[in-house]
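So that you can tell them apart, the chains are marked A, B, C, D and E in the order they are listed, and the count of residues begins at 1 in each.
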Amino acid sequence: MAGVQVSNLSRSFGAHKALDDVSIDFADGGFYALLGPSGSGKTTLLRQIAGFDFPDSGRIAIGGESVERVPVEKRRIGMVFQNYALFPNMSVGDNVAFGLSVRGEAKATIASEVQHALDLVQLGKLGGRRPHQLSGGQRQRVALARAIVTKPRVLLLDEPLGALDKALRVDMQIELKRIQREIGITTIFVTHDQEEALTMSDRIGILRDGRLVQEGPPEEIYDSPKSEFAATFLGDANIFRGETTGTGIRLPDGTAIAAGAGAALAAGAKASCAVRPERIRIATDSGTSDPNANMLRGQVSKRIFAGNNSTYFVDRGGQTLKVIVQNTGIERLAEGQKVVLRWSPESTVLIATG
Amino acid sequence: MAGVQVSNLSRSFGAHKALDDVSIDFADGGFYALLGPSGSGKTTLLRQIAGFDFPDSGRIAIGGESVERVPVEKRRIGMVFQNYALFPNMSVGDNVAFGLSVRGEAKATIASEVQHALDLVQLGKLGGRRPHQLSGGQRQRVALARAIVTKPRVLLLDEPLGALDKALRVDMQIELKRIQREIGITTIFVTHDQEEALTMSDRIGILRDGRLVQEGPPEEIYDSPKSEFAATFLGDANIFRGETTGTGIRLPDGTAIAAGAGAALAAGAKASCAVRPERIRIATDSGTSDPNANMLRGQVSKRIFAGNNSTYFVDRGGQTLKVIVQNTGIERLAEGQKVVLRWSPESTVLIATG
Amino acid sequence: MATTRILEWCGRLYIWLLLAFLYLPVIIMALMSFNVSPFYQLPFEWTTEWYASLWQNDQLISATWNSIEIAIITTIISTVLGSAASLALYRYEFRGKKVLQALLFPPIAIPWLITGTAMLIFFFGVGIGRGLFAILLGHVALALPYVIVVVSARLQTFAPELEEAARSLGANQWQVTSRVTLPWIMPGVIAGGLFAFAVSFDQFVVSYFLSTPGQTTLPVEIYAAIRKGFTPEINAVSTIIIVVSMALMLLTARFFKFGGEK
Amino acid sequence: MAGQVATGSRSGLRSALPLLLPAYLWLTVAIFLPLSAMVFFSFMTELPLAGKVWAFTLDNYATFFSERLYLTLLLASLRLGLEVTLWCVVIGYPAAYVLAKVLKGRSREAIFLLVILPFWSNGLVRIFSWAMVLREGGILDTALNAVLPFKINIDLMYSYPAVIIGLVHSYVPYMVLTCYLTLQAIDDSLIEAGRSLGASRLQMLKRVIIPLSMPGLVAGAALIFVPVVGSFMEPRILGGRTGTFYGTVIEDQFVAVFNWPLGAALSFILLAVVLVILALASPVLKRAA
Amino acid sequence: DEVHVLNWKGYGADEPWAIAAFEKATGNKVVNDFFNSEQEMLTKLRTNPGLYDVVMINAAFNDQAMAEKLIQPIDVSKITNYADISPDKAGSPMLARDGKVYGVPWVWGLTALAINEKSFETPPTSITEMWNEAHKGRVVIRDDAVEAVQFGAIATGQNINDIKDMEAVKAKLTSLMPQIKTFWSSENDWNQMVASNQIDIGTYWSGSADRAKTHFKLPVALVIPREGAVAWLDAFSIPVGAKNVAGAEAFINYMIDPGFYVEWVTKVGAPVSANTKAVAALPEDAFNRKVMGDPDVAKRIQFQAPITDAQREAYLALWQEIKVNVK
């Protein structure tokens, strides 16, 4: 088993820098989530690690050894492609068997391993089908089974569960984690599902325009984003912009917002504060329960139901704030209602701007 | 503009029934989400409506007229394919222009409409690229732009935003809703993102094994699922199985659970109760605040952080219950801690089994 | 990475070797058009007399023009008809399709000598007679199977979703075909066209039977000549044709892209 | 990708007819009807010319079975067809692969066109040129002796190898181009996927690339095998003493003696054999694809 | 008017200077068409009634053409040079039927042996030279069943028009096969092979050998072996339905004219004219006069008579069998 070290990797397509001086250390046996907007270079990075494409500069090492001269087939990776890349000329079973069979495993071993992998992705009965006879999600699961059945040392997953419904996705997540733990595969996976990234990974890296923006364990990134981008990209955040006061910031309209975490900044500098919508308590009365709490008044403009929670959009002179409230079955606020928003300084992260 | 009526539609592939007597009325100008496990027939249903494939039995009407003899190109639909199906020989711009250009629009009109559509999906600068030079999410957005630029009367979207990050997805959701409202397109879309389904759609239909399981507005389905499957498929639910008592059920171990909503069932019948994890309050003390509330004791076995909320897994002699707690920044429960779970009968839905 | 480079380099080398193999006879043919001996005799003695006498040889020149004209028209007609037929065979399911596909092989399998004789008899019988039109009739028929087989092979790789996508955007059958399907199968159509041209341009037997005196084609002239009066004028005219077509092809490749898109 | 089935909407001879009719009508007028006349002749004792009396007979077909000569030659021709086809695959397929997957941009387009160009010159003139290369004291002989330290005599002209070389040269472009057509359509990510699963290049070739390019291989093989089996020109000129094949005896029936009925019968037997071989080969090939 | 002529390519009738002279003299324009085998010539006549005015037919095939009513009787009185044709040729039974003349003899020649002068100090005199081990792999013979069998008949001392011992012919030819380099089918084949010094000896046509030597300056010499040689006679006929019979007659007359013949022989090389005056117009030492006119030679040669289809097929079967067995 082996960690993956990526150092100062750059790769351009024409004038476009798809990867720009990216360095990440994917720990041996770790589960690493790559996040980033569409076109930020996630797939490009995975392709470099797999060896399909070569960097303009920078180095990649797997298990401590530079892989510059190691061809793809010797890197012992498993990959799920964003477009699946199933072999159209083979049955589902043969697709999954491919990796074992080129390795020359015994027929019986292959058959049982393949059946096991197909069962694992809940396609045990479809081994005889051709890829074009499958639904999108079924194809994706075949791709997943094909990648894991060979027990590679590094697993590169490009949105491996994107086409699956929630229930199945959770099942697959659990399986992936189990496999990864059992045989200690270093797993790097790209996902657009935030919850998936947060719940599954040991560490998260956020890419933007080919650059690594922030990197760390999920809760750290969630609780202490280092930029407005990181704050809003992973999870949601209300952003207030103003000047630092030492303990927080002062908004242009004079309101002071106290912050309990984040960068230490000289007073007077431009800065912003980020507050997670779920940290804000929304109430109709103004009775202060906590004198230290930040407080703002506003008016509910919209409520959006999202299953286990609802989001209230609260207008406050020009700015709309989001507040998430768990749907515990208690009373709802009506649109137009005047409300008071409160949140603690500890829930407020100070971020340097510019 | 036109609604879509699907009546008693069935379609089999060999022995496999991909659609089994499905009837849905997609209201004119409505936004309809299709949900269902992988392989449940969602894509098959869209392909029938589009006219790529024909039912074994059943009828489809668009705008009140049967379309049995109307070829695809006359149905005035727009479709985003699960695998995008971009034209590889055309640039991104030409892909988007295709629908307008076959209709014989003026060059200048086409150019401006195409630019507008590309701007809308935030790809304004990539019009000259070829599809194979795009990232997965970029391709998906081209497919979306291509489908909406022709202003069809019915929009069929097969996981149109699946490959997009959350921020972009929200932007696209807003655009889609705006377009749909402005020109009143009947929109049918498949998604695996529950939040997306719940927040965007007027109505939701849930398919399972080719059959329509439940259908209705999002909150109704969420709050009053008619089956265990619906309860757990859309959102999460803790399921208790036992015998009805008239006001609720009695579990095999004798615990009584009171239900406030759901089916009216004769006492003694087998039934289950579903409780949403976010409706359960978790506490360490046992001080009763509400005598009517259902109450159970257990022990925290795991906590999973998921951004704006965390899920506690609570063991209670053989059954593991999920409890969602909003991450408001207050104290956390440790694993192993003994806890009391309480929820109101109104949060408990009674469901007939079997 | 290094092995990839080496393999790529080997690949390129291989292509050049293949081209060398393919062009070897052509180069010799061209050289011999500058050799004094009409019997490919060595040592080589430079002359341009064959080009000069070619200039005087009205019959050879007019036969060459006939050949070029017929080959071009054959290429156009057979690629159009052949591509259309391939599309139909690809798109639609109907009874007897296998038979239609099998029927493509008689024109290839039966030696052209027999086909040519049969055409001569039949055309004579039904009053089509001989002449350039009859030659064209025959050439197109001989080229058609090649076009259909080649285009069909390419069509097998086509993803039908693309046609579906186009139709969902309101394109009618013709627009779907011309703007989506055709660009994809273009390399096949072009390969079919190249084969059709080659089949027609080098077609001796059928032309021979169907040509009338004074209205012959180049191969007919050449075959008649080898009996008694072969001269390297034939090499000269072939060389000119090859050089001109090569220039045209390279120009085409420079300005059009048809090798296939991803 | 390959193998997708046409869907329900695309059924029916009626929609196919407008596209099929022109080509098949043309073939009917110019080939099928004339050949039917030939079929008719093949059952005659004499050609119905100059008032000769003719009768219906099966003798012409019987001749094939009664004279060992024809069977021997047919087998020789089939073997020739097979060998030429195999050589074309061996030489042409790698070239098609390089063209489709290694070369990029304009050079690819140029080479695609250049491959067929030599065949726009006259076949006979090309064969004369081969004579220059292959004969003793020819180009090959001279070149090899210039390079090699010892003296060898290479006289390939008028031999079986010369026939093979000439035919392979004439037909290899068919293989290159048809294989290119299907190879070029293979998505690169499939090759990447295979290699990420640990398959060597050779394994990829065998398990994925060749099966996926099968339609092109089959088309190329058919376009080579079928005419080579009936060929007579190249064997006659390049083969010398050894150049007698099934095609040449058919030619003799037409050219040397005026026995069309027998010549036609021999051709149709050839056609039948070829079709049977194609039919037998197609399920095997389909399974491989 | 136009005169449509069907002949071998490069066989006198299509010489540009000749056509020009004829056109100038008679005002008729000549349109040439060619054939590659006698069978093909007949097929062209059959399928194009009325197209040709003159056709050149090997006398051995005249019979068939007459039988099939492809050619018509010729009014020889309109052809002034006809009177000068050597009586044995003009009187050939192959060219007449029911007392009417169907063919005007034009030229005759031999299928004899020709040698590569570089390979011989002194020319051989016997046909057996072909079987000489020294020439193994350097012998050629024309790929023509009838000619091959008749050649075999000569080699076994038989009458070519009445072969009694087929087995002997077969044995003789079979034993020749290992000697063979290849089968030639056109004049060009022969000349190319001799030019690149690939062959020593082989069967060849007398006119072609003459032409190879005089016109192309190739080291070729004709040998009329003492065992004999096959002779053939080419004649002009007028097809049934010819549109320009007068032009045809004029053309035939021109073709057998001594003036044309001498020019043809000197410029190009040709077989022996059937017109005695034409031959007499050649220089004393001309091959066609000195050798071909030698009475000794005349005794050795055997003219091809018509053969039946059945014979022809039998010859072909024999020839094919010999060729196949060599593989």
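Here is the rule we use: contacts are C-beta pairs under 8 Å (C-beta built on N, C-alpha and C of every residue); 3 or more make two chains touch, one makes a residue touch a chain.
These numbers come from a predicted model, not from an experiment.
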Steps in the shortest chain-to-chain touch route ending at chain E and beginning at chain D: 1
Chain pair with the higher count of C-beta pairs in contact (C-D, A-D): C-D
Approximate Å spacing (C-alpha centroids) for the pair chain B, chain C: 57
Whole-Å separation of chain centres (CA-atom averages), chain B against chain E: 92
Whole-Å separation of chain centres (CA-atom averages), chain C against chain E: 37
Residues of chain B whose C-beta touches two or more other chains: 52, 71-72, 83
Interface hub residues of chain E, defined as touching at least two other chains: 36, 192, 196
Residues of chain C engaged with two or more neighbouring chains: 40, 117, 121, 159, 223, 226, 262
Chain C - residues contacting chain D, complex: 7-8, 11-12, 14-15, 18-19, 21-26, 28-29, 32, 40, 81-82, 84-85, 87-96, 100, 102-103, 105-111, 113-115, 117-119, 121-123, 125, 137-138, 140-142, 144-146, 148-150, 152-154, 156-160, 187-188, 190-191, 194-195, 197-198, 201-202, 204, 218-219, 222-223, 226, 234-235, 238, 241-242, 245-246, 249-250, 252-254, 256-260, 262
Touching residues (chain side chain D, partner chain C) in the complex: 1-2, 4, 6-7, 10-13, 15-17, 19-20, 22-24, 26-27, 29-35, 37-38, 91, 94-95, 97-100, 102-103, 106, 108-133, 139, 169, 172-174, 176-178, 180-182, 184-188, 201, 215-216, 218-220, 222-223, 226-227, 229-232, 247, 250-251, 254-255, 260, 263-264, 267-268, 270-271, 274-275, 278-279
Touch list for chain D against partner chain A, complex: 1-5, 187, 189-190, 192-200, 203, 207-208, 211-212, 289
Residues on chain C engaged by chain E in the complex (per definition of touch): 37-42, 117, 120-121, 124, 130, 208, 212-214, 223-230
Interface residues, chain C side, partner chain B - complex: 159, 161-162, 164-173, 175-176, 179-180, 183-184, 261-262
